[in-house]
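Have a look at the structure below, then the notes.
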Amino acid sequence: MSATFEPNIVAFLCNWCSYAGADLAGTSRERYPANLQIIRVMCSGRVNPLYVMNALQQGADGVLVSGCHPGDCHYMEGNYYARRRLGMLKDLMEFIGVDPRRFHMSWVSASEGHKWKEVVEKTVEDAREAGPFEGFRRRQIDW
Amino acid sequence: MTEKPKVGVYVCHCGINISSTVDVDAVSEYAQKLPNVEVARTYSYMCSDPGQVLIKNDIRELGLNRVVVASCSPRMHEPTFRKAIKEAGVNPFFLEMANIREQCSWVHEEIEEGTAKAKKLVGAAVAKARLLEALESKEVDAEPAALVIGAGIAGIQASLDIADAGFKVYLVEKTPSVGGRMAQLDKTFPTLDCSACILTPKMVDCASHPNIELLSYSEVEEITGFIGNFDVKVRKKARYVDFDKCTGCGDCAAACRVKDRFPSEFDQGMGKRSAIYLPFPQAVPAKYTIDAENCLFLSKGKCGKNPKCQEVCGAEAINFEQQDEMVEFKVGAVIVATGFDTFDASRKPEYGYADYPNVITGMEMERLVSASGPTGGKVKIFNGKEEIEPKEIAFIKCVGSRDKSVGNEYCSRVCCMYVAKQAHLLRDKMPDANIRVYYMDVRAFGKGFEEFYDRVRRENVRYIRGNPSEIFKRGDKLVVKVEDTLTATPLEDEVDLVVLGVGLEPRADMREVMDLLRLSQSPDRFFLEAHPKLRPVDTATEGVFLAGCCQGPKDIPDTVAQAKGAASSAMIPLARGKVTIGAQVASVNEATCRGCSFCVSICPYTAIEMVTVNRFGHEVEVARVNEALCKGCGSCSAACLSDSIQPKSFRDRQILPQIAALGVLK
Amino acid sequence: MELEQLQKTAAEVADREDVKYVIGWKKGSYGYRVAPGFIEDAAGAAELIFSPLCTANLATYLTLVEKLPVPRGQEADDRKVAVMVKGCDSRAVAQLLVEKGIGREEVVVIGCPCPGVVDPELLAEKYPETEETVEIKWTEDGFLLVRGEEEIEISRDELLAEKCRLCRYPNPVISDVMLGEPVETRELVEDEGVAEIENRDVDERAAYWEEQFAKCVRCYSCRNVCPLCYCQDCILDRLNPTWVNRAVNFSENTAFNIARAFHLAGRCIECGECERVCPANIPLGRLNRKLAREVRDKYGFEPGVDPEAEPFQASFKPDDPEDFIL
Amino acid sequence: MSAMLLKKEKWPEFVEKLAGKKLWAPGADGDAMRFAPVTEGETPALDFNNTRVPPKEALFPQTETMYRFQLGAEEMEEPQLEDETVLLGVRPCDARAMTIVEKLFRWDIDDPYYVKRRELVTVVGLACSDPGLNCFCTSVGGGPASTEGLDLLMVDLGDNYLLEALTEKGETLLESAGDLLEKADSDAVKEKEKLVLEAEKKIKREVKTEGVPEGLPGLWEDPLWQNVSASCLGCGTCTYLCPTCHCFDIQDETEGFESRRCRMWDSCMFGEYTLHTSGHNPRPTRRERTRNRISHKYSYYVDKFDVIACVGCGRCINLCPVNIDIVEILKKVEEAL
């Protein structure tokens, strides 16, 4: 792992809390690393855990899923389902040898622009430490 | 989808908001080379009229059928661009936005990284746009009625406006009377109108209005459904007094065995009331209520031989058997006007509010100066030996506002003026008293505010800039320890009475309303509006609007203005009689559905049901979506093992290419 | 359990008018092989056996059977299917009921309390297979291998399949007919196979699974044999969207295996069939059991025990663990 | 063609002499799973029965990139096949299978990928002295030392390997080994013949093929297909691990905006193998698929290429999870005829 390694992070954010929180971070002119790109979904409950696998397979070095705090889900319960599903996925990924620093989940509300910045920093830093993902990355196999 | 995607990519400069950190030309050139991209352009303000015209012209001239706009957050302008492309004849759902402002240019500094990230975001948007599907919104009937939660001045005003327009209003108030905080105030700033005098007629109006069904002493238990079609359940709490029979004469309260024993909520605990009570003389409805916690009969099962109230009530209105009653109705829109709490001054222990009786809050001062208050408008204090009229009076502003240590960074907007008003009222009553106001800043921004402030100062009220650090007792005096920051002089100011200009806070019970309606909070913990500038009375939940201080601190005129705004917004679906329901709902592939009903268990809106279909001669169960109930969250789809239920516009086949693009594109 | 009782019961059930056929185990074509048998009438029941070689989970056939279009004017044959189940197999039936994969009225469950089956690979390694079929019986504390005149006593520990060492449900959890007496249930023991992998560091785990998944030929036998993989149209076969490419390489194989294991989280009933059938000898059981253990320990849930349970993947508890959330 | 002897201890040196060519041999994997490229300095062991995955994948990889392209672009890029390859230790049945498959790949038009790989490969066989439990090569035209498809045959004579060149390629290989080899005398050849006879005797399983190719189409609706397929799981084990199965699927795989067209093994045992876009499936159940698997090998292929597309390697029997046994099926076919 070289010191200049810049990880590529794919993040899935729920529209109502975390995406709005990320917007607020922008409005508040927070500064954070540019390594993370956001895919907007309506609810963290929408995030099929296999997206995480798919992202790692297709070039992400780290994945983040962020939703509303428990109890705050715009759709009432979606984040609880997300928590259960992604918790299971995290266990599975770790078991098969994916560095736990490559996958994070967070609760960021629409008012937590600063927390969003911190979450991004942590996610990027962790993925940076974990280094380029060389596990089951598709391209390095036979493309 | 048979036609080949022809994508137009529009990269916005947003003045220099985007272009200072993102090389928009480079992004546009990059986009031009992506598959299916017919044209890529930049423009200074895409959302402006010429910007929209640019897109529309391209649609017409180049036959575009997909549009990608790389600009601000879709939460800002998605509706704008959807509308624009619709006008040019393209299905509005053939739009995808790349957020290169809030989530790119505004959070990064280097143009290289901003540009690189913007390219990826645009690439991912193109990848998704190619696979978008045309969606049609549907219309359903809207119930021409509204629910207003909270009957303070905001709720009252909103109800009156909607009712006057001819629609039914259900006005639900938690306490026994309408009126809210405004009813507790003595005079209003800066005009010094008597608060009760201007409010009471409105209270009476809303109780007597043929279109308003007032549900006082009631709480909303459940709201389901969607804009135009909310199903509401309200619990009418038992008053133990027959609403129709009670004449409001007050004989019961006078006869109560525990007469005047309990702190009156209305008088901020400074006055007393009986277990059966009317919150205040002008209460509407003028119906008595038994406080079950304190009533001897209801709490202990026994009140002398017979409850006195029952004995004296000529109308035979007392009914200890009364039960809570559930009322159900349907409305098309909801206005939340649940108000605020005042800051609990004991959270600033250095001011000794909990320890020293002569440290009081502004709200308590309101009741003290009020002619209808517990002291009949006389300001008297007990100095440990005798009741005296205070001579040395200090006001402290910004208590619980603009104060990170208590978690309230915001300005409460009303304290400067109510303190000035109270100083004026005290000066009126006590021409000899020495009155000073400790302040950080004086914010007299409203109409007539500065003039009023000026007047009060000329009435020999001293304004001293300083934020007191401590209040302690010395003999029978209170000492305000403070530095006058204009003269840099430390002071120990001995006074008789301290009035804390406490700020406004979100209500402690706002969580209940949040859960009821799925509302969010802004950083100040008040309810979050849909847009701070352009949709200040809307919420993220369609058909639900905000009025008054539940959305943030404001004074009476602002509250009334917002209430009128909320009322007019709420009336849009009611007047149209129809609402458009979301097109971005879930849909089921019945051919692959395996009938496990995981989705049914998950759906929080009961929008999915299992139906029996015939699959080549076999009866099988499959899921089916009620599109009017579905909100498109997609939680069902992540649990569907056969990928058979998918939210439109957020299908796996639309998201997976986005993931790939973000992963692979360099 | 007496063979006679088993065959008699099977014969009775097979002859019932509302029963299409009975699925049981029968002697295979050579060596230690045992094959699934589909018995349509009483006569066929004489073929059935129940022995430590009956590893197959026959519950998978409940959902494997294709539903052909019913010709116009005819009615679908909705007679019941009877199936013989060991303890673990019965959990598949219970889980299928939870997720409506089958209806209770569609099956007749013949329960076979099971003292534990042998590991076929281990058996063949220690006592090489011959072309003649060989019988193995349960004894008090192990197995008896009968090869012609020869009888070999084998201890339980020597040959017991891994899934049976860990099994806590040797007696069927659901049945219409129970054969024989319940067997003694066993205590929860540590899953050494899973622990062995967990004890490695993350890079070693990655290396271990890379070696395993690289072997996968994507024959889909693990998926097809699984009684709980029964989607009409598996997402792994889909092209739009493509979750996993058809290409067979370590990357896609890993994705395939993650998806398969994940889809079974909170659903796998640990019958071990995936691992048994894998021609590449990938220890799939460890993957599934790892998740099953997390589901049990962290979420307090065990699938296929209660046919009335809320499905794990379609429910939550407000206090589900969230120590992994930032 | 020449026959030479190689002392077993010189086997590593023999392998070294082949440096410069790509070597494939049974993997060092514990259970000799499959043929794999031999890494430099490694000496493949030949003490295996047979690999689970047949060496067909050296010529017909499970996944093969045909060409790469950018979405929306016209150009494409084809992979270059140029490595000369030596397959070491191919069992005679698997080599025979290559000749059988080749008939199809060189039929109406040449399959460029297969043909190119075939031209570049030298196949070194290893005769069977100890056939497996389910071997029945002798029933379908093969044998423990069959030479079809081989360039060189190796026979394990205990202390030595007997190396018989069968083609030009085989000769060249022997020449490259130079003085590592000594000329085989007639004793060695006799010993080989004895070993082969013994090996043949060890083969216990047998199928009768007489009348089968002509008779099978007549059994189209025979209940035997339902009986033998009822327990089938519909997995691809039997076909993927069959040395003569050669079906493939073609897919475009896209990642971002880059794509490749590739082909990968397919199996007629999969439902989607014959699934039409309309939703109609002419082989709707495992019954039709099983019937097709057997009929294709024992009838259709014979009809077209005059050879049974089964070499009797026994893999499908060994590895079928539910004991579907092709020998048993053929017995039933024989009874039904």
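Residue numbering begins at 1 within each chain, and the chains themselves are lettered A, B, C and D in the order written.
Criterion: a residue touches a chain if its C-beta (ideal position, glycine included) is under 8 Å from a C-beta of that chain, and two chains touch if they have at least 3 such contacts.
This one's a predicted model, so the numbers in the text were calculated from it and none came from an experiment.
When each chain is reduced to the mean of its CA atoms, the one lying nearest the mean of all protein CA atoms is A.
Centre-to-centre separation between subunit B and subunit D, using Cα means, comes to 73 Å. Taking each chain's centre as the mean of its C-alpha atoms, subunit A lies 36 Å from subunit C. Between the CA-based centres of subunit A and subunit D the separation comes to 46 Å, rounded to the whole angstrom. Mean C-alpha positions place subunit C and subunit D at a centre distance of 31 Å.
Across the assembly, subunit B contributes residues 591, 602, 639, 652, 656-657, 660, 663-664 that each touch 2 or more other chains. Residue numbers of subunit A whose C-beta contacts span two or more other chains: 49, 54, 57-59, 71, 77, 81, 85, 138-139, 142.
Counting partner chains per residue, subunit D shows two or more touched chains at residues 63, 254-256, 258.
Chain-to-chain contact here is organised exhaustively, every possible pair of chains being in touch. Interface residues of subunit D, counted against subunit C in their complex, comprise 29, 31, 33-34, 52-53, 62-63, 133-134, 204-205, 230-231, 233-237, 240-241, 249, 251, 253-254, 262, 264-265, 267, 270-272, 284-286, 317, 319, 321-325, 327-328. Chain contact summary for the complex, subunit C toward subunit A: residues 197-198, 202-210, 213, 243, 245, 247, 249-252, 254-255, 257-259, 261-262, 265-266, 287, 290-291, 294-295, 298-299, 313, 316, 318, 320-322, 324-326.
The touching residues of subunit C, when paired with subunit D in their complex, are 28-31, 33-38, 56, 60-61, 64, 66, 68, 129-131, 215, 217-221, 223-225, 237, 239, 242, 245-249, 273, 276-277, 279-281. Taken together, the subunit D residues at the contact with subunit A in this complex read 63, 65, 68, 255-256, 258, 260. By the touch criterion stated above, subunit B contacts subunit D in their complex at residues 34-36, 123, 127, 591, 657, 660-661, 663-665.
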